[in-house]
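Take a look at these structures.
Common to both upcoming complexes is subunit A, partnered first by subunit B, then by subunit C.
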Partner chain A sequence: MTYFSYFKAECLVLFRRKQNLVNALLFFTLVIVLFPLGVDPSKAFLAPAAGGIIWCAAALSTVISLESMFKEDYADGSLEQLLVSGLSISWLVLLKVLVHWLGMIIPLLLLTPIFSEMLFLPDGVLGVLMTTLLLGTPGLFLIGSIGASLTVSLRQGALLMLLLILPFYFPIIIFSTSAIQAVASGLPYSGLLAIISAISLLALVMSPLMTPICLRASVR
Partner chain B sequence: MNWSWFHKLGSPKWFFQWSKKWAAPIFWLGVLGIIVGMIWGLAFAPKDYLQGNVFRIIYLHVPSAILAESCYLSLGIAGFVFLVWQMKMAPVFIKAMAPIGAVMAAIALFSGSIWGKPTWGTWWVWDARLTSVLVLFMLYMGIIAIQNTLDDRVLADKAAAVICVVGVINLPIIKYSVVWWNTLHQPATFSFTKKPDMPEVMWMPLLICVVSFYLFIAGLVVWRMQTEILRREHRASWLKKEVVSDGI
Partner chain C sequence: MQSNLSLTISDLWIERGDRDLCKGFSLTASSGDIIHIIGDNGAGKSSLFKTLFGLVSPVEGAVKLNGEDVLSYREPLLKQSLYISHALGLKSVFTVLENIRWYFPNVSETDIARVLSLLKIEDYLDVPIKALSAGQTRRVALARLWLSDLSIWFLDEPFSALDITSIQLLEGRIREHAEQGGIVFFTSHQPVTLLSPRRVELTA
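And now, the complex of A and B:
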C-alpha cells in the first residue's frame, strides 16, 4: 500500500458510501429550514441571521458526517492494518480528512448560494460567506477527526462527539459570523479571514499529532 | 367483484411478464404527449395578459407539482398495502418510485422559484405551500436514505413503508395550504368540480402535459420495478428461464 493507493481507496469508499454524505447534506438542509419555521420567516429576522444559520448548520452537519469516519475501518479491522502498515498514520489521517473535506465542501459550496437566497442573505455578502466556509471548514474537519478518533470504539458516539467537539468549533463560528456581519455593515474583514485561516492552520498542525494517539489507544 | 387481478399484482413473475408488454408503450406515449403538450404550450398558446411569456413555465411547474404529490400518495398506498397484506411487490414499487417522486418535487421547487423571481420579485418565500413541498422533498429523501442505509432488506422495506404511510399526513397540508393560510402562492389550477379560469387554448396543453407526465412516470416506474425484480429475484428459476429465453 502506498499513500496514493490509500487516497484512491478512500475516494472510492466515499463514492460507494455516498448515502452518508447525502444524509449529512440533508441534515444541513433541515437545520437551516428549522430557523425560518421555528423562529420567524420574515426578511427582517432572516437577512441579518442568514450567515450565522448557515454556519451553525455547516458545523453540525460536519460533526454528523465525521462521526462514522473511522467507524467502518475500526469495525472491519482495516484500522489495525493501517496502524501496522509502516506508513505514517499522520499522513494517512490527513489524506482521509482531505477526502472527506472535499466530498463535503463541494456540495456545500454549491448549496450555499441556494440557501443564502432562501434566507435572504444581503447582496454582496455571499462571496465572503463562501470564503469563510472555504477557509474555516478545513479547521472543522481537522478538529472533528480528533473527536471521531476518540469515539471510534463507542457504539453511540455521535452525541458524545457533539459534546466534545462543538466547543472547539465556537471560535471558527464566531470569527466567521463576525466577518459576515462586518462585510454587511461595510467594515474591513480581511483580519477576521486571517484569524480563521490561522485557526485552520493550527488545527492542521494539531490534528495529525493527536488523532493517531487516540486511534492507537482505541485499537488494542 | 373479481379480485384475481389484485392477487396477481402481488406476484413478481406475473408482473414481470405483464410489464414487458406494457412498460414501453406507456412510456413512449407519455414522451409523445409531453412533446406535443410542451410545444403547444410553449410556442402556440397565447400570452398571459398580465405575466406575458413568463407564465409558460406553468407547463412544467404544474405537472411536476401534481406528480410530486401523486407519487407520494401512491407510495402511501403501497406502504399501507405492504404493512397490511405483506405484498411482495409493494416494497419494489416504493423502491422504484421514491427517487422519481424526489425528482418531481425538486423540479416543482426549482421551476417554481424561477417563476417566482419575475412575478413575486423573490426566488423563495417561506410560504406554506413552498415550505410543505420542501418538506415533501425531504420525506422522499428520507425514504431513499433509509433504503440505502439499512443493510437488512426486510427491515429496510418495512421502515420505508412506515415512513411512506406516516408521511401521507403532509399531502392534505400541501393541498389545502393555499386555502388555510393566506399565501403568496395562487390556488389550484385544476379541480374536478369547476372549469379552470383560463381559456381553453391555455389549459388544454396543460392538461395534455399533466396526463402525459402521469403516463411517462407510470412507464418509467414499471421499468424500474423490472430492474428491482431482477435484482431481488435473481436466484429464482422462472426469472432465469424468462431472461434466457426471450430477454428483458
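And now, the complex of A and C:
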C-alpha cells in the first residue's frame, strides 16, 4: 500500500458511499430552506442573519458527514490494516480528511451562492462568506476527525461526537460570522480571516497527532 | 525478502481489562519456523498479535527483532510483517481487483491473474466483496500471501471458512514461505495436516 493508492481508494470509497455525503448536503439544504419558513421569511430579518444561518448549517452538516468517517474502516478491519501497514497514520488521516473535505466543500461552495440569494445576503458579502467557508471548514473537518476517531468503536456515537466537538466549532463559527457582519457593515475583516486561518492551522497540527492516538485506543 | 530473522518474545504479560491473558509468555522464532499458537477461546491469541503490532500495550515483557527492541520502536517489525486478522481488512464496496490493487498498487495484472486463478476466484475479479461468500472473501484476503514479499506472517485463524482444497493450498504456501526463510505465526483451532508446526500454547 502507498499513500497515493490510499488517496485513490479513499476517493473511490467516498464516491461509492456517496449516500453519506448526499445526506449531509440534504441536511444543509433543509436547514437553510426551513429556517426562513419557521422563523421569519422577511428580507429585514434574513439579510443580517444569512451568513450565520449558512455557517451553522455547514457546521452541522459537517458533523453528519464526519460521523461515518472511520466507521466502515473499523468494521471491515481495514483500519487495523492501516495501523500495521508501516505507513504514517498521521499522513493517512490527513489524506482522508482532505478527501472528505473536498467532497463536501465543492458542492457546498456551489450551493452557497444560490442560498445566499434565497436568504437575501447583502451585496458584496458573498465573496467573504465563501472565503470564510474555504478557510474555516478545513478546521471543522480536522477537529471532527478527532471526534470521529474517539467514537469509532461506539455503536451510537453520533451524539457523543457532536457533544465532544461542537464546543471546538464555536470559535470558527463566531469569527466567520463576525467577518461576514464586519464586511456588511463596511468594517475591516482581514484580522478575523487571519484568526479563522490560525484556528484551522492549529487543527492541522493537532489532528494528525491526536487522531492516530484515538484510533489506536479504539482498535484495542 | 529478508531471511536471517529472529523474533524473541520474553516474559510477555498481556492484560485485557482486569483479566490476565498471558503471563510470562516467552518464545523465540527464527527464519524457517512455522509456529502454531494454540489456546482456548479468549486465551489471548489475537491479543498476542495485536500486542506485537502496538495495538495492545503489554503490562511487561520484551519483544526483539534481530536483537532490536520492537515495543518501543515498531517500524522494523511493521516494515517486514504481514498481518491478516479476523476482520479481513477488505473494503466491502470494492471489487476483488480493487481490493487487491489497494494493497498492491504496483503488482502486475499477470501476477494478480495467476494468484486469483490459483485460488479459484479469477471469475470474481469485478464482483464487489459484499457479494462473495465467507470462504471466497477469505480467499481474496489470503491472496496477499502470494503477492506479498514480507518476511514475517501473522495469520489469525487463516483456515476458518475455507474448503479442503483451499486449506491444502494455504498449508502449501505457508510451508513454501518458511522454506524460503520466512517466519509464520498462525492461530487455528483446526488440525493442520501438511504442516509440522511448532505448537505453542497460550495459558493465562
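Simple rule for what comes next: the second predicted complex is superposed on the first by the 220 of 220 C-alpha atoms of A that agree within 3 Å, B and C clash if a C-alpha of one lies under 4 Å from a C-alpha of the other, contacts with A are read in each partner's own complex, and residues count from 1 in each chain.
FYI, a contact is a pair of C-beta atoms (placed from the backbone, for glycine too) under 8 Å apart; a residue touches a chain by one contact, two chains touch by 3 or more.
All values reported here derive from a predicted model rather than from experimental measurement.
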Side-by-side fit of subunit B and subunit C on subunit A, or clash: fit
Which superposed partner A:Glu117 touches (first subunit B, second subunit C, both, neither): first
Subunit C, subunit A and subunit B - angle at the middle CA centre, rounded to the nearest 10 degrees: 100
Partner chain in contact with A:Val33 - subunit B first, subunit C second, else both or neither: first
Which partner reaches more residues of subunit A (counting touched residues only), subunit B or subunit C: C
First (subunit B), second (subunit C), both or neither touched by A:Asn23: first
Partner chain(s) touched by A:Gly77 [first = subunit B, second = subunit C, both, neither]: second
Which of subunit B and subunit C A:Leu201 touches, first, second, both or neither: neither
Which superposed partner A:Ala47 touches (first subunit B, second subunit C, both, neither): neither
Closest approach of subunit C to subunit B (Cα atoms, Å): 10
Set intersection of subunit A contacts, subunit C complex versus subunit B complex: none
Of all residues in subunit A, those that touch subunit B in their complex: 19, 22-23, 26, 29-30, 33, 36-37, 41, 117-118, 120
Subunit B residues within the subunit A interface of the complex: 122-126, 131, 134-135, 138, 141-142, 145, 148-149
Residues of subunit A defined as touching subunit C within the complex: 1-2, 4-6, 9, 12-13, 16-17, 72, 75-78, 80-81, 83-86, 216, 219-220
Subunit C residues touching subunit A - in the complex, by the definition given at the top: 50, 53-56, 75, 78-79, 81, 83, 85-94, 98, 101-106
